[in-house]
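Let me begin by handing over the structure; questions about it come next.
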Amino acid sequence: MNTHCIDFEREDRLGFPEFVFGEAKTIEQLTEILSAFKKRGSSCLVTRLQEQKGAVLTEKFKDSVYDPISRTLRCGQNLPEKNCGTVGIIAAGTSDTPVVAEAAAVLTFLGMPIRTFVDKGVAGIHRLHAVMPDLATVDVVICIAGFEGALPSVLSGLVRQPIIGVPTSVGYGVAQGGTTALHAMLASCANGLTVVNIDNGFGAAIAAARILNRDWKTK
Amino acid sequence: MNTHCIDFEREDRLGFPEFVFGEAKTIEQLTEILSAFKKRGSSCLVTRLQEQKGAVLTEKFKDSVYDPISRTLRCGQNLPEKNCGTVGIIAAGTSDTPVVAEAAAVLTFLGMPIRTFVDKGVAGIHRLHAVMPDLATVDVVICIAGFEGALPSVLSGLVRQPIIGVPTSVGYGVAQGGTTALHAMLASCANGLTVVNIDNGFGAAIAAARILNRDWKTK
Amino acid sequence: MNTHCIDFEREDRLGFPEFVFGEAKTIEQLTEILSAFKKRGSSCLVTRLQEQKGAVLTEKFKDSVYDPISRTLRCGQNLPEKNCGTVGIIAAGTSDTPVVAEAAAVLTFLGMPIRTFVDKGVAGIHRLHAVMPDLATVDVVICIAGFEGALPSVLSGLVRQPIIGVPTSVGYGVAQGGTTALHAMLASCANGLTVVNIDNGFGAAIAAARILNRDWKTK
Amino acid sequence: MNTHCIDFEREDRLGFPEFVFGEAKTIEQLTEILSAFKKRGSSCLVTRLQEQKGAVLTEKFKDSVYDPISRTLRCGQNLPEKNCGTVGIIAAGTSDTPVVAEAAAVLTFLGMPIRTFVDKGVAGIHRLHAVMPDLATVDVVICIAGFEGALPSVLSGLVRQPIIGVPTSVGYGVAQGGTTALHAMLASCANGLTVVNIDNGFGAAIAAARILNRDWKTK
Amino acid sequence: MNTHCIDFEREDRLGFPEFVFGEAKTIEQLTEILSAFKKRGSSCLVTRLQEQKGAVLTEKFKDSVYDPISRTLRCGQNLPEKNCGTVGIIAAGTSDTPVVAEAAAVLTFLGMPIRTFVDKGVAGIHRLHAVMPDLATVDVVICIAGFEGALPSVLSGLVRQPIIGVPTSVGYGVAQGGTTALHAMLASCANGLTVVNIDNGFGAAIAAARILNRDWKTK
Amino acid sequence: MNTHCIDFEREDRLGFPEFVFGEAKTIEQLTEILSAFKKRGSSCLVTRLQEQKGAVLTEKFKDSVYDPISRTLRCGQNLPEKNCGTVGIIAAGTSDTPVVAEAAAVLTFLGMPIRTFVDKGVAGIHRLHAVMPDLATVDVVICIAGFEGALPSVLSGLVRQPIIGVPTSVGYGVAQGGTTALHAMLASCANGLTVVNIDNGFGAAIAAARILNRDWKTK
Amino acid sequence: MNTHCIDFEREDRLGFPEFVFGEAKTIEQLTEILSAFKKRGSSCLVTRLQEQKGAVLTEKFKDSVYDPISRTLRCGQNLPEKNCGTVGIIAAGTSDTPVVAEAAAVLTFLGMPIRTFVDKGVAGIHRLHAVMPDLATVDVVICIAGFEGALPSVLSGLVRQPIIGVPTSVGYGVAQGGTTALHAMLASCANGLTVVNIDNGFGAAIAAARILNRDWKTK
Amino acid sequence: MNTHCIDFEREDRLGFPEFVFGEAKTIEQLTEILSAFKKRGSSCLVTRLQEQKGAVLTEKFKDSVYDPISRTLRCGQNLPEKNCGTVGIIAAGTSDTPVVAEAAAVLTFLGMPIRTFVDKGVAGIHRLHAVMPDLATVDVVICIAGFEGALPSVLSGLVRQPIIGVPTSVGYGVAQGGTTALHAMLASCANGLTVVNIDNGFGAAIAAARILNRDWKTK
């Protein structure tokens, strides 16, 4: 049974290549897929890849790198750097680092400049005010928070840029694996905040890329 | 069938009298209960009472007053004013006014001083910073918010007093009738924030009263 | 009790003025708020306003217009037209029209150009393919769907622009008032789709405005 | 305590034998049940069997085969091939392979012809259009998808055959272990799509068999 | 704003025409849509139409008939009777009648023969056994139940035909508007039962039509 | 379409007749059903019947009585009084009266003796201790509570009789229409407490009747 | 910190001793508790005890027996056999055996006679009809089922005894760890079925014991 | 990437220092954070720290102590003892001990006096009555319970002090990891009970500290 059908046309169609969701694929399936990318001479980024599978695949593919924080495997080089705006990635807590890292890995793979600001949650809001001048220099904001997910609500009232909220699964009890942060961001009375799935640093990165990808009408 | 058994001993036992939950009682049941209070010469406050039932009962009980904002009916006078600390009631939005009013009505009935601050939500956080000096003068804070319920999270990081969060049913979609605000307050990474049921201004008021009721060990 | 505190500084801070959430405010509260806007000589848009309250307020405020489809009340003129990109608004079904209308009302109030495409759902996908050339001319896409909310998933694979999904409460049974469409959009395997609350045409419009508001760093 | 009571009459009554749900049975219970089938000279298929238990049982029953992808154990031969229509099994992603394999194993055991199409999800919808001619040749369609489960919605608008949706537990966050895909398929505005439980490739296979089992009135 | 785009090609593509979901459409929208059907000389069936809207539309469209039980409006004649198998519709309780009626209305509109069996729930299972001979004569079974939705589970073990479960919103408390019946049918240990949305008699009818529509490959 | 099939054999089979669930039946359906009972000379009790439908039916059936508190309609006489144990019905609050009344109406219809105790909730637990001697005289306990549903937990630790908990929909916010009381009773660490659906005074009454119906083996 | 306070008075008060919930207690806590029972010369039954902890404790307490199926540890002898009615325990599937075993262990410890009937689910309902004569001889019925939990619904319509439903966590997907079976039993249109928590064989056993414990008024 | 930004100003601002949430931080992150505290000469308490990580960190930080019951790591000395009121911590069951221990660890770290009462649940309510005199001597009550969480409801009707409920994740089935206890406490008809997140002994301790921290206005 043939179990994959890679969308190599995606880069032409959308401006970015297909990424590979690693979590629920077997080593065999990933090996076939990475080989297909390699054969075409294309780089590839696998997301949500377990550490154990990462170890096996970096053995098999010598030009691949696995990063245990972001849980990504890059096979081949990052794409050429883009001359475009910068993406600011801000997170409420140290525990949100894996999601920051995933968003950063995807944007870096795409060749887009980033700046990161971690542990700026609302429990000590002076930390947020302190980075406002720096945040003013970025073109899109990705705002990451777990627990009650209040940071994007507050930040949306302070910045004029597009802002994308990413709830994380950090927390316990009614935090419900990120559901509360997700619902809080969606129900936010802040204006124009958009949201992606729990822990979906990848999706936020692509959304930011779509925004900064100014040539969309000319291609 | 006898359908009530009023806990008149509650005032001695707990320091505040029994309040009457009006929402699911019939006019007949409420009439019997209010008459029993009257016969003892005690004042009484009915909460969550529908406007229509309020109109009928104020007809029947001439010393009663119905307030459609807080949805309370007071039968008899407020209890004597207490010489104790002040309760600050702060709300995120104009739409939270009914819950502010319920908490205020209960505390006023108990004879406790209050200060109110409405429409100070995090979407324009300068409004919150502006009232911080005033908030510093109160002894307990009741913090009310609907939608994503972020205000108590932020405020808990700014005040040292006891703080009680009250989620409201204001909002739509994933706000889910106040569930998201409730969960956000409970999952908050702010320290020492406690929470009551959705729209439960009454419960927050009693909790504040318990805190300010300094003579609890001597009675 | 003073129950409002309008954030007039929002326009300077964020590039768009405060909008008024009408659903849970009383006629009295709305009258006070609209008068305050009027006194400053500012226009104002009220969203999610019930038809009955709209009728009373258009009586009181002669320069106001209520639109029962979008459930918005505009008091004063639309803001000056902006010289910026166009927002495409596409909806899966005829029943999604109110949400289309809300997004359109907000963007029109802000002076931003729009194009609308309604009843292009996936049950007859040729209807979607037919409008692709037109969609290619817009700069941001707002994609609205109820029931299972599949349209944004499919469309995200066909357009390179930023795309904002809006789930609607159209449907019954497990559609659960829009929750299923919301979850489907968030869980979508499409890349870079961002999402707002159920029926939140307003939020999607502001998000689109943030994207097209190119001067954010210079102000 | 006797803990099983096999329904050997099922084949006569319904046209297919009893299958054994392996997940929550002990090795001892499965051994007794398989021995009972063997004693009657009947083949048997165990579904949702963990790999470890599969290893023990293939040791005990020499004519048995365990397949780790579909998690099925077949004891004895497949049933005789049936001269009936073909079942098309189409899946959105590579990660859905285990559910494809379970449906295929059950239909193969029943002697029914199948065709499989994997990784044809809506994120790159040209892949779906490409297999439409092949899909036109089958008699029933089983359509499998995780994440937002949009494929069955789209496909139901393109094929006239009976179509059975199978949500899978592939995804994370609000995908909620397949619940979002399930709800999306049930709430679909596509016409005449029916649905089975999450990951229930087995149930979809039997439903397809019931449809193709043309002699139901004569037996 | 043009708010409809009727899929007139559906009949050629799928074998049945587009049906109109009436619940969330305005009188104006429905009038436009029905006029478009009329102009083409096509009949049309509107489902889930509120009684009040039905009254207005039957005034406007003289050849239309509204049925308050099934909540359908038929504009024009039923389609020609089909020479195909019969659909058996069986329901657990008298209260499920509206869903029975909706399925019957759709099948009758399509020209397909039906037989109905109502109030055959499992609380008195002899009533079910009594109709088994009659049920043996139909070609597909639609099985409708509210409350705990047990009837399809039991019936699936007694009939060999394709069987489609329809949960209804009849019940209270944990019946949760049909969710419990839905989940019970999906989680059923019965083999090959497929399910549609709560109260979706329409969907079950189309699914049955797809099964009986034998010429799907030749068209 | 014939829409009812009364289980007149139920009394012989189970010891009590079929009761009619009135909520989701039309006046026409109820008229047919009551006429069928009448024709057999049997009494009948309709439960969960709306007041408006009750008024119409008492007009039609002169020997019928409608009780708006319990929402039951009795057509014909109560069954003969039984010489059996007594059922104690205890409720936490005045607001639970409708459920008390439903249980009482059903038991009275069956001819079984009852005792009722209302407004004995745990907020003033001395009220519960005060009725313990009276409760000791009954043979089965039905314990009814809304809000957090704590009364059955406490009571189960104080009485040795069979005890059946009935959660009610009294409360607001996270009380969730009785779901919290239901879950609390089910999760109770009290021993041997059994539970029925929310507001299901009817079910609790029948369960009590089954327990007191000592002749079950002889019939 | 002293962490236990055994309720040794329970046997006098309720007719059965305190049972020990083992799941969330440490070896140290269990050792202290069992020693306290031993010191009093009382037997004790620990429920929901993990196998590993069972092994340690049977080492420490030589007169104790651990049963891995029911996950109970008995320390000391069973209580003297009671001369009372019999409890019938019937389960839908082989996979429900652990819950059957827990109920059986508790009743056996209490000295009450039982009869068990396993794998009698509704998918092959003739298996249920076959045991009806045997079931007629018991005095109380405990009915255990996972998946959609339909067996208690059907059985309640066939037996006149008290019947207690126990949902089990057997199943997958929307079976949701037993929640669907629980809800189905609670929402059942069967009359007088009562229910306990998921997998709570213990609670069902105590409820049965309360029913058969005829001397409750004399003690 | 710098991933932490400690809020050292918190002690001045709020009266208590920042605590470190250990669960989702890596050893590397915790090492950096603890070193920063050490460098300032400040003590630090880490909460919800897994045993394995505790072992590594006590190796690295010689003046640190890990407690596996409360899952806290203390680095440095407890803060100086405060001359303030006492906090009473009462728990329903032995299994709630970890949450008792966490609250106790936090209060002890802050230098506040405590008294603990464990295994006083409502199933044997005499145990609660027995400790009432002792409870009368404390100034704030923290009340901890799992399963149905009834203890705070009962206790709130017996004590006049401020009372903070903490639901625990002890229980199974519908106890839903503490959600039922949480909801029961929030929906409680007891007056003035406030609640924190599931298992959040830490939050309850800080809330108690805020209440006893009388000098809040002078600082």
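Think of it as A, B, C, D, E, F, G and H in the order they're written, each chain with its own count starting at 1.
Criterion: contacts are C-beta pairs under 8 Å (C-beta built on N, C-alpha and C of every residue); 3 or more make two chains touch, one makes a residue touch a chain.
Quick caveat: nothing in here was measured; it's all calculated off a predicted structure.
Student: Name the chain pair with more contacting C-beta pairs, choosing from A-B and C-E.
Tutor: Spelling it out, more C-beta pairs touch across A-B than across the other pair.
Student: Which chain's mean C-alpha position is the greatest distance from chain C's?
Tutor: Ranked by distance of C-alpha centres from chain C, the top chain is G.
Student: Centre to centre, using CA atoms, which chain is the farthest one from chain E?
Tutor: That would be chain H.
Student: Please work out the Cα centroid separation of chain A and chain H, and write it as a whole number of Å.
Tutor: Those two chain centres are 35 Å apart.
Student: Go ahead and note the Å separation of the Cα centroids belonging to chain B and chain H.
Tutor: 26
Student: Roughly how far is chain B from chain G, centre to centre by C-alpha average, rounded to an integer in Å?
Tutor: Inter-chain centre distance comes to 44 Å.
Student: Residues of chain C touching 2+ other chains?
Tutor: Residues 10, 13, 21, 93, 123-124, 157-158, 173-175, 179, 182, 186-187, 189, 191, 197.
Student: Which pairs of chains touch one another in this structure?
Tutor: A-B, A-C, A-D, A-H, B-C, B-F, B-H, C-D, C-E, D-E, D-G, E-F, E-G, F-G, F-H, G-H
Student: Looking at the complex, which residues from chain F come into contact with chain E?
Tutor: For this pair, the touching residues of chain F are 1-7, 9-10, 18, 21, 23-25, 29, 33, 48, 167, 169, 177-179, 182, 197-200.
Student: Provide the residue numbers of chain E that touch chain G in the complex, in ascending order.
Tutor: 92-93, 121-125, 147-150, 153-154, 156-158, 171, 173-176, 179-181, 183-191
Student: For chain C, which residues count as touching chain A in their complex?
Tutor: Listed in rising order, the residues of chain C that touch chain A are 10, 13-16, 19, 21, 136-137, 139, 157-164, 182, 186-187, 189, 191-197, 202-207, 209-211, 213, 216-217, 219.
Student: In the complex of these two chains, what residues of chain H are touching chain G?
Tutor: Against chain G, the touching part of chain H is residues 93-95, 97, 100-101, 104, 116, 118-120, 123-124, 126-127, 146, 170, 172-175.
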